Structures are given as structure tokens and as C-alpha cells.
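In this document, chain identifiers A, B, C and D correspond to the written order of the chains, with residue numbering beginning at 1 in each.
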Amino acid sequence: MNTASLFSDMLQTITERGRRFLSFGAREDTLDPLAAIEAHCETLLSSRGEASGMALAKDILDRWRTFDTEKQREFMRMLLARFGPKTERLEAAIDTYRASQSPKALLELHVAAEPRRQELIRRLNLAPNGIATLVAMREVLLKLKEEDRDLEAVDADFAHLFGSWFNRGFLVLRPISWSTPADILEKIIRYEAVHHIGGWDELRRRLAPEDRRCFAFFHPQLPDEPLIFVEVALTRDMPSRIDELLREDRAPIRAADATTAVFYSISNCQEGLRGISFGNFLIKQVVEDLRRDLPKLDTFVTLSPVPGFAAWLARERRAEASDAFGDAEKARLAVLDTEGWADDEEIGATVQPTMTAAAAWYFLRARDAKGRIVDPVARFHLGNGARLERINFLADRSGRAMRQAHGLMVNYLYKLDDIETNHEAFAGRNEVVTTPAIRRLVPTDRGGRSLVPLVGGGTEDRDEKKKGRRELSA
Amino acid sequence: MNTASLFSDMLQTITERGRRFLSFGAREDTLDPLAAIEAHCETLLSSRGEASGMALAKDILDRWRTFDTEKQREFMRMLLARFGPKTERLEAAIDTYRASQSPKALLELHVAAEPRRQELIRRLNLAPNGIATLVAMREVLLKLKEEDRDLEAVDADFAHLFGSWFNRGFLVLRPISWSTPADILEKIIRYEAVHHIGGWDELRRRLAPEDRRCFAFFHPQLPDEPLIFVEVALTRDMPSRIDELLREDRAPIRAADATTAVFYSISNCQEGLRGISFGNFLIKQVVEDLRRDLPKLDTFVTLSPVPGFAAWLARERRAEASDAFGDAEKARLAVLDTEGWADDEEIGATVQPTMTAAAAWYFLRARDAKGRIVDPVARFHLGNGARLERINFLADRSGRAMRQAHGLMVNYLYKLDDIETNHEAFAGRNEVVTTPAIRRLVPTDRGGRSLVPLVGGGTEDRDEKKKGRRELSA
Amino acid sequence: MNTASLFSDMLQTITERGRRFLSFGAREDTLDPLAAIEAHCETLLSSRGEASGMALAKDILDRWRTFDTEKQREFMRMLLARFGPKTERLEAAIDTYRASQSPKALLELHVAAEPRRQELIRRLNLAPNGIATLVAMREVLLKLKEEDRDLEAVDADFAHLFGSWFNRGFLVLRPISWSTPADILEKIIRYEAVHHIGGWDELRRRLAPEDRRCFAFFHPQLPDEPLIFVEVALTRDMPSRIDELLREDRAPIRAADATTAVFYSISNCQEGLRGISFGNFLIKQVVEDLRRDLPKLDTFVTLSPVPGFAAWLARERRAEASDAFGDAEKARLAVLDTEGWADDEEIGATVQPTMTAAAAWYFLRARDAKGRIVDPVARFHLGNGARLERINFLADRSGRAMRQAHGLMVNYLYKLDDIETNHEAFAGRNEVVTTPAIRRLVPTDRGGRSLVPLVGGGTEDRDEKKKGRRELSA
Amino acid sequence: MNTASLFSDMLQTITERGRRFLSFGAREDTLDPLAAIEAHCETLLSSRGEASGMALAKDILDRWRTFDTEKQREFMRMLLARFGPKTERLEAAIDTYRASQSPKALLELHVAAEPRRQELIRRLNLAPNGIATLVAMREVLLKLKEEDRDLEAVDADFAHLFGSWFNRGFLVLRPISWSTPADILEKIIRYEAVHHIGGWDELRRRLAPEDRRCFAFFHPQLPDEPLIFVEVALTRDMPSRIDELLREDRAPIRAADATTAVFYSISNCQEGLRGISFGNFLIKQVVEDLRRDLPKLDTFVTLSPVPGFAAWLARERRAEASDAFGDAEKARLAVLDTEGWADDEEIGATVQPTMTAAAAWYFLRARDAKGRIVDPVARFHLGNGARLERINFLADRSGRAMRQAHGLMVNYLYKLDDIETNHEAFAGRNEVVTTPAIRRLVPTDRGGRSLVPLVGGGTEDRDEKKKGRRELSA
């Protein structure tokens, strides 16, 4: 028996003993399950909760796990209704604050405004493996709140605490390799969201060759649960097709000969941590890690999907007057409606310049209703300080990539010395940093119309950001 | 070079590279250091902080470490003045809330009332080893706020975040033994606060024999810093003198023969975590751990100091009319003013019954202005659900123990099945659970006077609790 | 980069630098590869080998790996011819010994008789990962010596050193579970020799459920290479069919409810370690390990194949006069020649008693030319002190089991308190310990013929033992 | 309870159960202890030993540990007398070999000449922690054989097996630092043999500063027992006095600024492994390790004692006609007999040139009776391929260094590209590689006498080598 299981057994013992203390007696079993769990939550927040916190927390989480969706919804409504701030204290705090804006009054106001849920969630974390259940709980909550917007307030409390607990300062970067424990690798297969992993043999091809790397962030309290991971290929060139990296019969190169590290897949793993941002830190730390290990590496680049391209293109093609292109281009793009167009080299050669120019427009000019660049993956990498480096025609012929982007992929370049400036340009001035070659594909003016809606362009949209995406990129 | 140092070097590289991005330029150096650090703090909170957070955070913490006390005080005042909530947003939130107490309005009120300091502290935690510096920062702050009560509001933010980050769910219990790394053992020597450890040989005697144990809580992000530790002796009886446990020439027993585990020293290590409570969890988990390892153990008990006894006794002796004892007792206790009384067995025999009875009164009847039991160590153990088990006369003849308690020590008994009930009695009804023998030492009534001031007796006093003590017990 | 790979890189550097020292110059390349490797072997044994041993050893092993089978044979012949004892020194030592049998003369004789190969092999072990190559080398050698019996002398040196290096005292027992690194699990799939593992899903079913266990021996210098492993099922009964344990849709039981541990597969992993015995220690240590972890376990039993049964039965059926059974039995067994007999329940019911009785005879009476019990798996378990517990009819209907044993399997029982006695009975007196029920199946006398050839019965046969088997049992 | 102790407990259980099997019965206790242990040794070698090897081995080692010195001597004599080769088998093997020198006959001769002790020692290694006791056993044996030369044959068997088991290929290099477990550091204090470590504070000064390093070899089966360790100082110059490295008030430099690594102390730890050579490998691997970690390092050098110098100098001064120097030099050296000469700077200035020249002669010309360079530390480093780099006058003023070497120390330089050549020069041609400056101190000829006895100069002396030294150098 290993130490870890010893420890978990021990926790089991502590909490089971604790449970015996929970002398709610026979009466309790006649209670409505929701009334019962509410009573337990109140007890956990009381001074008695200090003595038997682990047992109480475990009990509540165990009960919750037996709930069906409807009961879980009622539980969340209960957290909303019964575990908000104490109204009287809050009212008094507001009055005091309005009377005198002293530090003390402000502090009391802040404390009084904190929903009791937050302390409740903190105490639920006392349960053995509590954090895992809390993350699962929020996964449910995220679904529930789509239909019940009031639950946003409950979710805000989970998000607030998770943001604090999963602070980058507490995360650990670990390499994932073919000698990683199988139970973790199993999750890599399951969580991979960009380029599907068909099974263990395919996973092996992504991890075992010496020109492959993979890294994940972990939280010390969830040692078997990757939070986010990135797959890396070491190459001698910036790749223009995903097949160069993933085809079965490719010949690996020596790691020491590689000059380029390609981030070709980044996947978030925990739906319950949606909106807690890790990807930014992950890429930067992996870059440093690789540079240290392989000093010859001088290029860090992605090969990324363009998930919003096909939908945007369809809209533009349908539009009476597109800013992005004229009728000639529309005519040339008509072939995209033909099944199998990609298999015909001649057609490909014809459509390529038009589609590439359209893509350049898509990145540089097209903006959504909020004035933001349309593509979510582009927002992620440009926001991290990368540069849009190259547009690759027919780079991914998988069904999904054909549907989402007519097979298009792009490279984003991470140049360490420019990251800060690029980030400033994008975050501060809504500018897309790219190469002259791509810039030339977009006419500087088309009949004098102002193409970029500037209003609100630089503002950050919190909600959108929080929506997050399991499939991040690259 | 080991992995840990590799990793720390890597962090170094990342943050130094990041620092180069911080192009505040020459102008900055002409700034007042406080203005400069404030500017950095603002940047860290801006969107730019997202791209270069680690570098910025490190920079701020590095600057802070160069500050003298006066500058540190000014820094804290700046946090108070400039990084509170945004007033306009808060005012608006209050208005909205007063108009409609919707969940959304409540949420916004809570968010608006949160001082910007909290997010600032969270982001400072991005720096390599940030948490250690933040804990050190609060150690300073605790001193500063003694003279500058406004800083309480700043401290509340640190305490709030530390309470969340050092949540029991994230702590790890690790045994401390003679094969623990020396840099950690060095800290055990330094932090021991109850029974001084004179050097490595003495430490070895407390850790190496098979009838000794030691356990500490650690946080994953501070792997070399014990947060709190407890020293345990395995014995065949409940000890009545500290010398039984610590004298150099004692003969160890076989661990498997022990029936009793004695917690004879509990020390908090991090002054900067004062008020974040671990001791309660520590004792309970160690009890479970030991039971599992040594199934023969059936008694878990402390041998604890009584730090408030001598002072209280002096007050009672000075008082015109003491509730605790009459003139005959006072006369008998007069000998305590004689130097060396403890060396005279005859005197000892005379004074023992009186002193023991006085001690029983001290625990069972005496209360402080807030209606609480006087002794802080007693409050800790009784609050954890222990029972006052025995009063030991002349149990510790060290200078400190003689000064604080005329050499008195007591045993508190942790009986797992009674912990919950005991805790309820103490926390809920302000009752001290003890043995009939001790109870008999206190007359049930002395002339009809009500002995226990009941007002406020059961309320918890937050401030006092937060004052904490490095020397906890046992 | 992890510590392990750091270290291996470092070794790489050391040995590559070392290699540059090996200034055999251009001349060497014109040498016959065999002459060249012989020269290197001589250098490695010289004092120069002390300074550059790691580089030289690596060089030799690298060369060897490029050899084809014929060159490898010549290499082994060279070890035989050129790296035996020094003849003159040996002759002198014999003379001295014959003159005076002093301890000193004996010591010199032993040293002089040691082939120089042994020191050569020891020094080859200096190469990074040398032990792995040496084990691979012996795997080749075992094949070569089948046709070239002189190589037995070379193999004896490898076997001698491996016996010393893989001494039980140096092996480490490690549990194999679903959280074991994938590169090790991949080898479990490959090395499983008793009940084929079809892929990762099947492996998961053998490792992940809580009523399954697996343990392997490892050598510290080969941390990723299991040497031998055993698969264990936790059950509530002694199983009579392999299907009870392996079928996909079975429902796991709680580990804590199990009373019986079934060793249903033991596989040796390293052909190059054939004849180095681990299985004996493995089973005993696993029994202790399981008892400690799960105190409710009281029965330790195998479910084992009977690989020699069908061949023996065929011989008996062909024999004019079988000791084992008469014509009636022969007639009843004739049905075994019919394809698909096992699918017919009626036939099964008819043939079962006869086959079971024949099997009892096979274990209790039948002996091979050397007077040993015929079945190799039986020899292994009985030699370890187990008892033949039950004969299971049609217990494994896989193709191989039907061919080797007409589907028969048996249980061997490991009863800790009887192991020593059982071992003595078997090893010392050639007695098979079994149950009365099985014993009753064999007539005590059949016409007065002495059934057991006693000559040589108890002697150990070294060659046979060395033949080893990857498929050990269970 | 940690995994290691779990495991050791388990072994305990296995072996105690095994011990119950050892049914020697009451009769045994009446045996002479030596007869009893001999009987157990015979059983361990029998087939019964295969079933209960761990228990038997533990029993024998436990008994041995209770023996006093005389009993231990008798035990060793018993191993000599009763566990040598089987005489008849050996005689037969000799006859067969003399008749036909076939590989098979040679193999049988080697096997027959192997003392049964070797297999016995291998099986004793089965006991839990057996290897530690076997090493302790040899430590005793080494002392015994000084007076009982016949035991050399028994020691040869221990040495043979230890040479195989402690093969460099099985050793692990681990850094020793201030975060190494205290039980290991305690041994570093104890085993340090060159520059005494006065206590934990002094140890801290040798390990904690960032310009200090320490490395040790470990065997996987003795994870808490360093076998040999080297202490390293990182500096900017080759030091000329030990005080530069060890004085309390020195200011550490940044590790990254160091250009020079100074090996200033190498100590063997296990007397029972005397003659098993590790030092050679240790230095080379540490050099590689440091180069990798600190690429700026370009000089690897020792600061070493000269333990044989004072004794040699005294002999030369007493000699009627010294080759090393004439009467003028003798007269100048007379001051060495004066107490406190070293404190007088003027005297020092006078004696320095003479003593330095004498030292040069001591290294370059003086040879012992076997034709070897006199100084054992010089033999070690020169044999490893180092170069004698500088002679340092009054470099160590500790009592021991003054007695052994009049305070002299020397630097040996390890230049990786020259190691092989230097080693060849020394090992092959008995040449001391040094600098021109030192070479110039020795007249090429002094009256035509041949100074270096060449006979036997290059031969390796096994016995001397085996004598080993705990104090190796540096």
C-alpha cells in the first residue's frame, strides 16, 4: 500500500469518526433532503463546524453527489437564497459607511457584503478531496446558470475562490511523457480537444518520440488531474500542415537538431475551472523550459486552427455588399460549396489566393459586434503577445477543420522580446501584429469606408472571457 | 543540480526577461521610491499586468525588501489610501442595491466593496516564491498596525487571502524525524517556543529515539517552511513532569509498547500567519495517524504549560477579597515569594494542596473581563474538545515556568469520542469539562456569591483570537 | 528535463569525452571488427581500463550492438577462446595446491581458475545502462549455446555474475497499477505470458478495479524494466475457471470484502535472466504484502495452467499398457479426439471423472525420465511449498489451454504455516502434498507395480532449472 | 508511517514468520553457539535454504551480532575451515582438467574451486538490510586478518563479492547539501577524515553557502550510507592555503562567478569496503556534473595534504648521504626542530625555498622500497590522471598537517583532455606529470647517480592498494 493511499485511508477514518459525532439523530432522516443539507451547511458555518469540519464537509459533499439535476438546481437556489450576506449587518454597514468613509467602515462594508456562501465553500474544501468535488459542482452550476441567470451570483463566488486557489503561484508545471502514469495519460486522451487522439498508439506517437514534448499545469491538491496541457513538436521549420506533425509514418528528428518548437494543441481539462486563465502562463513557461533544455531552439510558434473562419466567410459571401471582397472573389469562392473541392489540385490553386486574402481580412479587419477580432483562438494568442505569422491553405483536412475553416490553419509566432510590445498593441490599441506579407494582402482602403468599428474595441469583455473554451487552440 | 533548483533558476530567467520588458525608462529612477512602487502596483493591476505579471510582481517584492521600516509603513499606508475599493463604483453599487436587492445587485455590491488590494496581493503571488514574501510582509504589517490602527483594514485583506490559501484542505501533514532535511530541522530548533531546544544534540534526542514523534503542517508552495509542529512522546503513563520526557539520561521504550501519546509542545512557526488556525486540525490528524501506526495507543494527552497562572494568582493574593481563596490560603501561599521555595520539600508539601486548589479555581471559576477562561492554552485545548485531566505541582522547574506558573503544568486529555461533546460544552455553554477530582477541589458555592460573570461568556472574541501566539501550548 | 534524463545526458558526455581518449587511431579502422573489439576488451582489462573504463565499456557495447548474429557468435567464441583463465598461472596454482593445501594455495587456485571474462563483464557494466545491454547479450548467448555447447562455459560466467547482481537482497518489489508509468505498463502487456492481454482496455480491467492487484520485482539499475510480475485477483472463493476472473462484464467486489487472493498469472520478463530465480521470493513477499494491507485475507491460492497434461495423456493413451488407466478409461477418453467435444455438456459429464482421475495420477504418480513430477508449473509451486488443492475440469477454454491441457487448470494453495514442511516433503522426499480428495482419486496400488521411479528423484536438475520459462505459471 | 518503514516492517514480519519454521527445536539451544551458527550456515546452503532463506539469513546475522571479538574470530576461522571448496570435487575437477583442457573441464574447475563461503555470503545478503551487516562483518574481518593471515582467504571472498556488488555501474551520485537529511549529514561529520568538522555549525558553513558543493556515492541498497564523498569549493583562483577555503569569516562568492572548482577533501566512509575503489570515478563524475551546472568553470584542482612528507624528510635529514639535498640544505632545515618556527616570518622566508625544493624531490625522485612514489595521496591523484600543479608552503597550520607535512599542501590539477595521457605516463611509465616550474626545482642529475629505482616501478601493488585509507585526500 503506498503512502498516498495510506493517507487517503486515514482521512477516511477521521471523517467517518467525525460523522458519528453528527448526532442529528433519527429525526433528520425524515427531513426533506434539501432541508437536511441546508441544516448541515448551517452547522458547518457555526462554531461546531470548527470542531467537526472535515466530517461535516464530507457529509455535505456526499449528499450532494447523490442529487439528481433537479435537486442540484434546488441546492444552488438554496445557496443563492439562504447563504447570501446577512441583510441586517449589510444595511448597518452601508449606513455606517455613508456616515463616515473610514477604513474601518469600508472594511466592515466589504465583510458584510461577502455572501456567507464563500465561507461555506471554503469549509467544504476541508473534506478529503473536497476541491475535486467543488470543481465538479461548479461544472454543474455553469450549465444550470445558462437557464437561471440569477445563479450567476452563486457562480461568482465559486469563480472568486477558484481564482484565488488556482492562482498561478500555486500551480506546478509537469512534463507529460510516455513514462507518465497511465491514469493521467488516459485523461490526456480524453481532454485533447484540438486534434483528436484515437487511442493509446496514437498517444504514444505524440509523446514517445524524442522530437515531441507535452506539458501540463497541475494543482498540488489535484495531483492526478491536469488543468491544461500543451502538445509540442520539435522541428527544423515552421510547419504549414498539421499532417507534417501527426502523420504516422513521419521520421522523428533528434531533439538536439531542432530549431523550432511548435505548439500544435492546447486543451483545457476542467470545465469546472472555466474562466480561470492558465494558457497564457503555460506557453511562456514552456518556452523558457524548452530553451533551457535545448539551447538551439530559436523559434517558438503555433500551428493553430481558425475556428471562426468558415462561418464568417459564409456570412460575407451571403452579404449583399461585403467589405472583405467583391463579386469576383465571391464567384471564385463558390467552388467551396462543391463536395470534394479540396481533392482537386487545380481548383485548389485557383481558390488559394482568394481564400488567403479573405483570411487576412478576417484577422486584420473583421470585427465582431463588440469590436473585437472575430476568431477566439486569435484573441487568445494575440492577447498573449504573439504575432500572426503565416496563413496556411488546406493545412488540416480533417472533417472538423474543413467545416470550421475550409482547412485553413495559421501560425502565431512567440518572439520573447516582442511579447510585451505586441500585447500592448493588441490589448491597448486593438491592433493585430502581423508580417508585412500578410498586411499586404489587405487593401489599405476600399472606397473610403472605415472598416474597423473602433468603439469599445479595446475594452475587455469579461463575460466572453469567462465563457472560456475547453478547446483553446493552438 | 536538482530539479528544484533547475526550476527556481528557470523562474529566475522568466522573471528577469520579464523585467527587461518593464520599460519605465530612465524617468522612473528619478521618482520617489514610493511613487515608483505605486506605479508598478497600478501596472500590475492593469491589463499589462496580465502579460508580464510574474516580472512585475517580482520587481515590486524586490523593491519592498529594500525598504526600511518607515518606507514599509508608508507602503502600507499607500495600500490603504490608494488601493481600496473604487469609490464611484461602490457608491453606484450601493444605490442600485438599495433600489433593488436582486442577486445581481448584491453581487455587484460585494465586488465593488472589495478593496483593489486583494487583487493586487493575488497578483503579487505570481512572483517566484511570492507567498513567502507576502507572509513576511504581513509579519511587518502586524507590528505596524499595533501603532496605526487604520492598517487593520489592510491586514484584513492579507488575513482574508491567507485564510483562503492556507485552508486546511491545502495543507500537508509531514512527519519530522532525524532523517528530515537539515534546513527544515534548523527551523524546528528556531521555532520551538514551549521547551527550548538547546542545539542539534538536544534536537536529536527529541526526534531520533523510537518513542518520539514530531509532525508538522506544510503548504505545497512553501515546502521547506513548517507552519506549525507538535512534538510527541510515546509513554506508558500520563506524565506529571516535563523532566520525565526531556531529561537526557532517560531510557527510550519500544514504540510498540507505548499506550499513551503525549503532546508536550506545539509551536506556530510563521508569525505572518497569525490568526490562521491550524492547531486544531493538527492535533486531530496526528491522533489518527498515530492510532493507525500504533494500534496499542489508547490515551492521547498533553503536558501543557499554564502561562497565565502566576499573574492571576498574584492578583488574587493582592485582592482584598478574593473569590478564589481566603486568608488562610493567602498565608500559606506567602512562601512563594521566598527565593528557592521549590527546593525545600517540606515547604512544597505544605503549599501543594493550596496551590492545586487555587489552580482548579483558576480553570473552573476564574474568568477575564470578557467572561472567558483566563488561560490561553486552556482556551485552545478546551476549545478543541479536550478535557482538563490533571494538575501537576512543580512539573516544570525551568525559569520561565517558575515565573509564569510557579512550576505548574496540566494535562489535557483528547478522548476522540468525547471531543464533539466537550467542544459543544465549552464553545456553546462556556463550561470547562474536567474530572470529578478536579471539580471537587472547587467549592460549589462560597457564601452565595455568583462566581462566574456570565455576560458575553460564550461569545468568541475575534481580536483576541487573531493575536495568536507562537507558543501555543501544549 | 527531468533529473533522470539530466543524469543520462551527463553520462553520455562523460563517455563521449572518454571515447576521444581512445586513440587507437586510423590504423584500427582497417582491423577486422572482431580483432578490434578484442583489442578493446584487452584494453578494458588493462590498467588503462581503470582510467577510461566507462568510455571503453560503452564503446565495446556499442560495437557489439552493430553485430549480426554470425558476428555475435564469433564474439562469444572469442570470449571463450581468449578470455578464459591464464593457463600458466592456473597450472602453477594447481601445482602449488597439490603441494600444499593451504588457504593461500586454495585462494590462488580459485583466483587463477576464474576466467578473465568475469572481470571483463564486470567492467562492461561500467557503461551507461551497461546492465541492460549485458542482459540482452546473454539473451543472444542462450540461443547460440543451443547449437554450440562449448558456449556453456561463457554462459556460466554471465549466469554467475547475474546471480550475484540480481540477488534477492538487491531487488525491489513495486506494485503495478493503473497509475504506473505507461512505458512500464506497455511491457506488462508485452511480457504477459499466461493469459494474453489484448490491449490497453484489457490491461485496465486487470489493474484498475479495486479487487485487482499486480506486483513486480525491479532492479535499481533497471528502474523501467520489470523482471517478473504476478497478477492477483481478490475474491470471496477459490475460483474454478479463469473466466470467473477475466470476463469483461464481471462486477468487482470491494477489496475489504475479499477473503481470497488468487495468483492467476506469473510471467518472467527478461529472457536474458533465465535461470535466475525470482518467482519463489515474489509470491511469498506478495502474500505478506497483501496480508498487511487487507487483514481479512486468509486464503492464498493460484489458478494455474497444466501445460504438460495433454502431451502426457496422449502418451499414456498410446501406450500398450498404461499404469495410469485401463482400457475402459482409454475408451472414455477417445472422445477427446473429436473436435468440439467440450461444447457438448453430456460428453463433458461423461469424460470429467476419467480425466480428473487421470490428472490426479499425472500429478501424484507420473514421473519423467529423471524421476521428477512431469508438469513444470507443478514443480515450481510444489517446490515453493504450495499444496495441490483442486483439479478444475474445463477451466480454460482458450485455444492454447485446450491444446496443452484439454482445458484443465488446477489450484495450488499457499498456506504460510505449511510452506516449509511442504517444501521439505517435495524437495527432500519427492512427495506431492495434496488433499485427501485428490489422493483418493489415485489407487494406492495397481497390481503391485511400483509406480514411482525413485532413483534420482530428489536431486535437483540444474540444466532443466536453467531452461527456465518466461511463462511461469500461475 | 512512511513507505520505507512499512517495507522494513513487512520484511520483519516475513523473516519472523520464517524463523518460526526453523524448527531446530530445544536441542539446539544446548549447542555451542559456534556449532549452532555453523549448522544454520549449512542449512542456508541446502535446498531448505531456498524456501526459508530470508529467515535463516537474518537469524545467522542476528546471532553474529551478539558475538564478542573472540567468537567473531572463531566464526571466521570456521568459514575458512568448513566453507572452502569441496575437496573431492576439486580434486576430481583438477584431474579432469589435466586430462582434457576442454571449456567444460575449465568451467568445472572454476566452479569446484569456488569456496562455498561465496554462496553463503550471497545468501546472507537475503536478510533484511543484509548488506549493511556484511559490510560491518568485513570491517571486523579486516582487523582480524592483521593477526591471522590465513583469514586473507576469507577476506578475498568478501572482497570479491563486494567488488561485484559495489560495481560503479550500480552506484548513484547524489549531491549533499544543507537540505540533505540530518541522519546522513551526521555521517558526513563523522566520516570526514581530512579536515575535521567540529559540529553542525561548521558543517553548515561547508554546505550551505552557494560557493560550496559536496557529492557522495551511494548504493541503492544502502540509501542512508554514503560510501565516499568529496567536498568542493568554488573559487576564482587556485587556493594556496586551506584557510582561504575554511575560515569562518570568509565572504562567499556567487556560484556563477566561479572559474575554479577545488576538491579539498575526499573521505571514504565504509571501512568494510576498503580496497573497493570509488574515488577515481567520483572525481570524474563530479567534474562533469559541475561543468554542466556551471559552464564558466574551467579549472578543476585539488588542495591536498602531503601525509608522507615529514616522515620522509626526517629520514633524509638523518641519512648520511641524502640524494635529495646536501649539507647546506640540511642545515637550513634544522630550524624545523624548533617549536613555533612557523610563527616567525623571517625563519619561514629562509626555510621556504629549501623545503619546497625538497618537496619537489619528494614527489619527482623519491621512491619507496617498491619503486613507487612515496606519498599515498599523490599516488591516488596521479594514478587518476591528475598533474602535480603547485607546492604550497605553510598551507595548513593544523596540528596534524604540521606533524605530517610541516604544513605543506599541494594542488593537483585535473585537466580533462590530459587525464588519459597523464594516467598512461604514471601507470605505464611511472612518470610524475608536473609543471616546468616544479620540474626545475629538481636538478636533472646530482653527481651522476641514478635516482629513480626503475625496477618494478610500474607494477601495481595489490596489497598496498587494498589497504586503502579512509582519509583519501584531497
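Details
By our rule, a contact is a pair of C-beta atoms (placed from the backbone, for glycine too) under 8 Å apart; a residue touches a chain by one contact, two chains touch by 3 or more.
As the structure is a computational prediction, the values presented were derived from the model and not from experiment.
The chains in contact with chain A and with chain D alike are B, C.
The most distant chain from chain C, with centres taken as the mean of CA atoms, is B. Over half of the residue numbers found at the chain A and chain B interface occur in both copies, marking it as a same-residue contact. If each chain is reduced to the centroid of its CA atoms, chain A and chain B end up 39 Å from each other.
Centre to centre, using the average C-alpha position, chain B and chain C are separated by 59 Å.
Centre-to-centre spacing of chain B and chain D amounts to 50 Å, using the average Cα coordinate of each chain.
Annotation for chain D: residues 1-2, 6, 292 touch two or more other chains.
Taken together, the chain C residues at the contact with chain A in this complex read 1-2, 175, 178-186, 199-200, 204, 208, 224, 292-293. Listed in rising order, the residues of chain D touching chain C in the complex are 6, 9-10, 13-14, 17, 21, 23, 47-48, 50-54, 80, 84-85, 87, 90, 94, 97-98, 101-104, 106-107, 109-111, 113-115, 122, 125-127, 130-131, 150, 152-153, 156, 161, 163-165, 167-170, 220-221, 280-281, 284-285, 288-289, 292, 383-385, 416, 419-420, 423-424, 427-428, 460.
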